[in-house]
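A quick write-up on the structure given underneath.
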Amino acid sequence: MSKPRDSYREDVAGRANVEDTPELLAYYDELESFDAGALWTVANKIEPWEPQSSSQPVLWRYKDLRDHVLRSVDLVTPEKAGRRVIYLNNPGRTDVAAAVGWIYAGLQVMHPGEQASAHRHSASAIRFIMEGTGAYTVVDGHKMTLGHNDFVLTPNGTWHEHAVSADGSPCIWQDGLDIPFVNAMEANFYEVHPDLTQAVAYPVDDMTKTWGNPGLTPRGGDWTKGYSPMFKYEWAPTYEALSKLAGCSDGSPFDGILMDYVNPVTNGPVMKTLGASMQMLRPGERTKAHRHTGSYLYHVAKGSGHSIINGKRFDWNEHDIFCVPSWAWHEHANASDRDDAVLFCLSDLPVMRAMGLYREQAFGENDGHQPVL
Amino acid sequence: MSKPRDSYREDVAGRANVEDTPELLAYYDELESFDAGALWTVANKIEPWEPQSSSQPVLWRYKDLRDHVLRSVDLVTPEKAGRRVIYLNNPGRTDVAAAVGWIYAGLQVMHPGEQASAHRHSASAIRFIMEGTGAYTVVDGHKMTLGHNDFVLTPNGTWHEHAVSADGSPCIWQDGLDIPFVNAMEANFYEVHPDLTQAVAYPVDDMTKTWGNPGLTPRGGDWTKGYSPMFKYEWAPTYEALSKLAGCSDGSPFDGILMDYVNPVTNGPVMKTLGASMQMLRPGERTKAHRHTGSYLYHVAKGSGHSIINGKRFDWNEHDIFCVPSWAWHEHANASDRDDAVLFCLSDLPVMRAMGLYREQAFGENDGHQPVL
Amino acid sequence: MSKPRDSYREDVAGRANVEDTPELLAYYDELESFDAGALWTVANKIEPWEPQSSSQPVLWRYKDLRDHVLRSVDLVTPEKAGRRVIYLNNPGRTDVAAAVGWIYAGLQVMHPGEQASAHRHSASAIRFIMEGTGAYTVVDGHKMTLGHNDFVLTPNGTWHEHAVSADGSPCIWQDGLDIPFVNAMEANFYEVHPDLTQAVAYPVDDMTKTWGNPGLTPRGGDWTKGYSPMFKYEWAPTYEALSKLAGCSDGSPFDGILMDYVNPVTNGPVMKTLGASMQMLRPGERTKAHRHTGSYLYHVAKGSGHSIINGKRFDWNEHDIFCVPSWAWHEHANASDRDDAVLFCLSDLPVMRAMGLYREQAFGENDGHQPVL
Amino acid sequence: MSKPRDSYREDVAGRANVEDTPELLAYYDELESFDAGALWTVANKIEPWEPQSSSQPVLWRYKDLRDHVLRSVDLVTPEKAGRRVIYLNNPGRTDVAAAVGWIYAGLQVMHPGEQASAHRHSASAIRFIMEGTGAYTVVDGHKMTLGHNDFVLTPNGTWHEHAVSADGSPCIWQDGLDIPFVNAMEANFYEVHPDLTQAVAYPVDDMTKTWGNPGLTPRGGDWTKGYSPMFKYEWAPTYEALSKLAGCSDGSPFDGILMDYVNPVTNGPVMKTLGASMQMLRPGERTKAHRHTGSYLYHVAKGSGHSIINGKRFDWNEHDIFCVPSWAWHEHANASDRDDAVLFCLSDLPVMRAMGLYREQAFGENDGHQPVL
């Protein structure tokens, strides 16, 4: 006898609505033997009316995570662990170890004088510094020094190694990568550097000095790789840029003052698969709700406030991390009437846009604010 | 007591190699309660040395499938089923109903006078006609008539409906879509046309007549959408193009004479998420093996031969379908010394390329030919 | 005493209107000694209200030119003349030997077995065949055979040589080049091939066979040069394309059925500095007048009719040539109620567009038709 | 009897070399009556071996010009003159009032409280401030304040007006425009603003604040016009950028440390027809000679030194202006061993590049230095 099946029936014109019969069930079994199936048994499942993310909205509090991150130093050596990282494991995405959607994120700690072994892979990373001094990264021979709220790119295929200089202090940073996406696309390669370390071949911070100048480009600087040559993006000019923009723009009702980090050669995303943005919520600002496709991982760079995601309130403070899954309603509020709050955001927006899959919608009722569950 | 875990240990410099201890297992449990984990327990799994596809190489014989497809006409009405389609269900991808990787494919049958209800969705489709006369498709008001080995695009977001005219014969075609990919990206929307049908608003085949002219473009024809305006691609000019190219090019050692279908406005892929190509194996031609990232679904448009995929031989005839998973070794051979064989191929190559994830490798040993298992 | 000057005075707010005084005239002389001048003496001249072309509308009748072209065969040897060409010399542009604006054109004759010496230059050319059989051109090793109303590109920097095969007949063609423009930009280089001829290195017509296929591109065919790889554009598929477009489009009120020849890799112009188009006037068609920037040289590919240019009527027959200067009103009429007429057009439209200088305007009065002077 | 002609004969294979005969002279006359000519009589002239610029190298000393500029204030009213500008009149280009090639330049003076009438035209301008305080420009409703060595764009088609605020001081600036080029292309339109002035519609300097941030772009800031949205480029960040680049790059042997001003949206030139760059000659630096196509107008932004152009030495000081014609050999030397010198440069490089006409060559002999005549 044939096994029972879920056929996802819907009684709507244009949708599949086929009742199981013994004859059909037998037919389904036969098809199965040919590695085939009847579309109408799965059509309504694989063609949903709108996206339903498998990710859950989650807030990771830095005060919870920090102790555990620091404890890893006592528990494992860098040699054994490769990297001492506590990764964010979305309850809906544990099968792919993602923080949200296809984005991986973790907090890594490194002590002065420590250095990770050089390697490269198809996954692309953004390393965002949370605390400590003396952190640096070498990418394809370019050394970048890193301070608070700075970040560095280690794009697809580049040799890279993170380290903290001997005269620094213990450093914690957030790693954000597209590992789950690259795995899903079955395109991840990994290679350890033959020397486990690489030589610094250029003046320190040369890529940011060369490419990070407003309205100016180096003559003869032909850069055609699929990622930004700027490599390091610093907090100070970013905060200055947001402040300037706040002084001459109303911003967005949904996002306040929002700027995207870009590849200066294309004005497009810093890497093809991973986008980064920074947004300022002005004193007292409370945004309206909207939703859009794509997966978003926020990191509180400055200030405190709360976000309402699919009707649930999440209160956040500096260096807390939270996620907004695809097509989830969300709105943000700054807790302070005097200081601004600033949110750093990693996302797969570049993928959604390049593939023509980005769509957004404003929350129309209740003056744009979700009822809190 | 803590549960046992798989930690994917490797004894290689730069890779995770941490032994479970009671203290660590307790630590892992604690992390879990914060929706977090220790990277070194999964690092070697999520950062593999090279891709290992979850798809299996499969050959679907048309002589097996055809009867089952035709039988569906007796088993379900179009009204109940939505569409009478037998889909290809890769044993490694049954969870997402994919033929290979993130690509869906099915065989659909329609009788003269039948018409599917008009709808639209974020997934993009290519409908490739296998047999029958009188098939046509309407896309955003443009009607396209379709013959043997022709195909039509129904891109992301376009209203579309398939039909067979009353004076035609029963038609079977292959549907290829990016449904699994769009679902994975959590960006699929579905909408039934309010009238269940749409008006034809332009002369028949106008888009192909307007845009399908070599080296000529209509003045004032500004087309900026993310997909080709050509909509229908016909077999006759395709076969002529392959023949002309074969007469003035050596082709590729791995692919024979291969042409990509393109958006004439960009010379890029016909749609952002789904690529199509046609390749000719000349009489007696046997290609060398290579492998590359991306998922590929072949359809035998003409002739017969065999392919060796990861060491396994698959013999194919006209309208058979087979797949090559990501990073699988593959080579093709034409069975005839007198006639050419032609393979139509659907793939996610546009995604792989746009995301910087395409990589390929020639099979170096044995004069380029795999040992057959 | 200072010399008198023309100061182009206008009595309009915002325009220069300065009367000569002895003091000013002395001042002007002083400025002149420093290689300087007073802007207000020339401002109204160099900033006109709208363009006034220095070119005149001209019609060159083929029946007038043909005899003279043929006579050149008796008058000069190819060795002495380089090329036996009668060039079109617009009365307003004799200083730069242009047919209109910055476009050079000439009629060249070559007898069977003759071959011009191979050379290259920064100017780009389009060779349009008017009569005869056996004409061919070699461009960077690619040999193209040429028939009636076909044309071949010899882009900036490519080695090229024209010839007529020994079994052909005397050939006449129109050469169109951007020589005056490249000279004006002071960027013309000329080089004679060291061997005075070049080897044919590819199958005949390979570039058109490879690149001239609607909706298909050769895999691996990376072409990044600034001009079309198609090299030869044929009359038969062009006329077929116009006919197809006429069957599914209303066309333009000003241009009838107009298609631009394009680089298939970019869908942009065939070369950066020189554009080509072909337009069909349907039986009985009479277009409305408009004007636009840019210089246009028409060649009657088929049929007969007339054009009204800045109020003056020009009647044309097959292979007649006429020009429309920048910003000149123009409209066209087919003389036949049964046959179509087809106009080939060379222009600097690619320059105008790339530089943001293209502008157009419809003739508003009199139902869109100019009064004939 | 026929008039004598210059036929530019050359006794080189592949070049025209036809002797005048009575028969030929009569033939030429006949051709002339049809608005035609024999190519071989002009071929060697219009197809030169290499470019020979009609412009001459010229140095305009600011100490010479400044007095004359200031004197214009007493000589003409702004109402009568339109603008009080002394323009640079290259002895080889007086027919088109160009400083070099197709580039116009002039020095303009304005007193506190003065304001030019608002207008627009197809020509594009760069206004580079030389001295004075309080200068500002309004472009399409955006007001930009301007200090020493800052510049503002007034692109093709934008409404613009220059002014000096009442609390400022007399200002002198350099205007650089593509007027001769736009006239040559017969595409210049001019319009006086109906109100002779325009309203300021945005916060002061908003475009530079919004678009002038390194590695950051405003979300939602879709800018597709053919020119930079940044409008104003300031001296301070430019000098800082050159200093940073000098600290991490060897620069070019021909140009020292050279950066191009760019449209941040495209990383291409600030306007389609007019490019701007700034280059630093480090203390003691002496560059090697090269030549290239395109016309270049240098303005000494800082320091002193000399340039050798086609073998002639020109010594320059701050705010002196000099030109390098197309294909002229040139090299630069900083006069100081302690301070850097900085040269601002306007050019038609964007045109040369877009049209595929840029070419350059190093001076090979004498260790790269020209003999001085």
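In order of appearance the chains are A, B, C and D, and numbering begins at 1 in each one.
In this text, a residue touches a chain if its C-beta (ideal position, glycine included) is under 8 Å from a C-beta of that chain, and two chains touch if they have at least 3 such contacts.
Note that the structure is a prediction, hence the values are computed from the model and not measured.
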Which listed pair, C-D, A-D or B-C, duplicates the contacts of A-B in over half of its pairs: C-D
Cα-centroid distance, subunit C relative to subunit D, in whole angstrom: 28
Approximate Å spacing (C-alpha centroids) for the pair subunit A, subunit D: 45
Whole-Å gap between the CA centroids of subunit B and subunit D: 53
Overall pattern in which the protein chains touch one another (line/ring/star/complete/other): ring
Subunit B-touching residues of subunit A, taken from the complex the two chains share: 12-18, 23-24, 27, 30-32, 34-40, 42-43, 46-54, 58, 60, 64-65, 68, 71-72, 75-76, 80-91, 96-97, 101-102, 104, 106, 117, 119, 121-123, 156-157, 179-180, 182-193, 196, 226-227, 272-273, 293-295, 325-327, 348, 351-352, 354-359
Complex interface listing, subunit A residues touching subunit D: 202-203, 205-206, 209-220, 228, 230, 233, 237-238, 240-241, 244-245, 247-249, 252, 255, 258-262, 264-267, 270, 277-279
